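Contents: one structure, followed by commentary.
Labels run A, B, C and D following the written order; every chain starts at residue 1.
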């Protein structure tokens, strides 16, 4: 079984998810600059989701690059991940429209937990299908650690949102930082 | 003629079909958890269609993987299949919005019959174009059997919906199970 | 310059054009079968455009398959074709919604003329860039002839629509037939 | 790391951006030709954005074609570029709907500046990752010069829009011409 179609399909779905979120940025019918103001939370919400999906795409790219065997288990684990990711545009629009209302930030964090868990399942399925691939094992260890850490942060966001949603947004940015820093380490490891 | 573009185009259309269905999940303007309640049937309807399209994608992937000759017959049979699949977002939204009304479940099951028949035509066209491909013949036999069985279930769903639509939903899940189980057998056969 | 990205981008745009047309098939809020009736012209309009774009995709596929040199002239001629094709969803929705009103059928036929001319320009650009490619020359001759014939039919549809739009729809189906029949001949020629 | 997925993902996002802009061309419910008149600025706005994105796609294609090493820096610089490009449909719709109101043309020009700067960052990141690639260096020099020139024009458009938005539209067309002419020179250079 070829992994090229798996990559192409995932790229297609991720590209569409990222782009249809923009459809929620509805142009105001007013011609003044003030008309843009209510769009700011929608824009912030879009920027958060765009970056999260960008991170998923980058990691997915790194992960599948070293995979050599693709079975139907991986196909289904991947479809399962894409299912939860496909709900991000809905949660993003809901969070942005209500200007980061507590309920909606909690819903968004819950969805991110589910996406994180689905990514974790994909990692484990890939590991089980490719047990003797050393570069993959190394990448998997790092991604597992980072994955667990970000699921933990999403879990922390849930109670925090009841107290202050601005802190929740900062914690989403923290997840970006978790993923950004060690990416270079994986690349270094792949070079050695 | 190359099959890579056929795969790329099909992947593109399937990825878009899967993703535009999410656009029907319209965020409520209320900020309470109760506001999500009317979205539950829309979500269930989306999950059913997502899985069905996922199954089509997986089977399409398995099928084309062993194909060596692609003629214009296959191009058209494939476009014909994508035509009926492209109507799934409409039927899904209609079924979800009305909370699984009898008429809409019947319409959805009829569309699934048409998709199943279109997939069957694609199978036959591929078989006619590649008569001496052994691994393909084996995969085709299995997929034909499963294909006929699922068209049969869709036909049964039509009268059942007039009696109880909850049973219809269970029968849609039965179709998933039909396709999930023997996938591994095909892979085993391909390995031998 | 590689033609794979040109193909991938064209496939992407065509796949999205084909799929966003379905978004015009808006589900009625009524639960009866009669509620579907006003959707019939929208559906017929969608089926016409789906087939026309399917024909463009098939021919584009045949054409680029034999191309060996891709210059920026071809890139721009291709983008020009995709520009007019991208307006088809608008014209389709307009024609379907008004139940094949004369004005809208004329607008649709005019757009098809522009698409046809843009395809013709692409053919000529490819011919100029690849002058010594024999299989390509043969395919180009056939496609030029069919292309001119279909532009002619679209021109005939314009006055015919003022008299009877049902005849116009039949003429659109005639264009399908023009393209369907000789496709097999090209394949035969490519085999020899 | 493979550049094929980077290209595929970028193609996907650009194809969707180009196509969802058409969704703003909403068909009027009237059946007369006059009903199309208010759509003319929306159409002009769409044509401007289509061409700009077409230019970005062409340049992106030229640029990545000569790249041999793709690191995570390039992945992120590319995602950053796609982020600003993904906002073009919003700015296009806003500019078209208000019939080229001063505020909206200024907003559109600002967004184009940001896209231009993001492309510039991508150029520099690619240069830093591939320092000894001669054909790339040549292409980069030309694209840097043209890139800076077009950012300059976008900056000029901002004050000009307060005076006359028709001149702004002409300046957008000037940017097209800047990019169209020297493309052939790059190709010539790549041939030598």
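Just so we're on the same page, a residue touches a chain if its C-beta (ideal position, glycine included) is under 8 Å from a C-beta of that chain, and two chains touch if they have at least 3 such contacts.
Predicted model, so just to flag it, every value in this text is computed and none were measured.
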(request) Over half of interface residue numbers shared between chain C and chain D means same, under half means different, so which is it? (result) different
(request) Taking CA centroids for every chain, report which one is farthest away from chain D. (result) B
(request) Compute the distance, rounded to whole Å, between the mean C-alpha positions of chain A and chain D. (result) 26
(message) Distance between chain B and chain D based on Cα centroids, please, to the nearest Å.
(response) 37
(message) Two or more other chains touching the same residue: where does that happen in chain A?
(response) 8, 12, 16, 20, 23
(message) Under the definition above, what is the set of chain B residues touching chain A in their complex?
(response) 7-8, 11-12, 14-16, 18-20, 22-23, 25, 27-29, 31-33, 36, 47, 50, 54, 57-58, 61-62, 65, 180, 183-184, 187
(message) Which stretch or stretches of chain A touch chain B in the complex?
(response) 1-2, 5, 8-9, 12-13, 16-17, 20, 23, 71-72, 75-76, 79, 82-83, 86-87, 89-90, 93-94, 97-98, 101, 103-104, 107
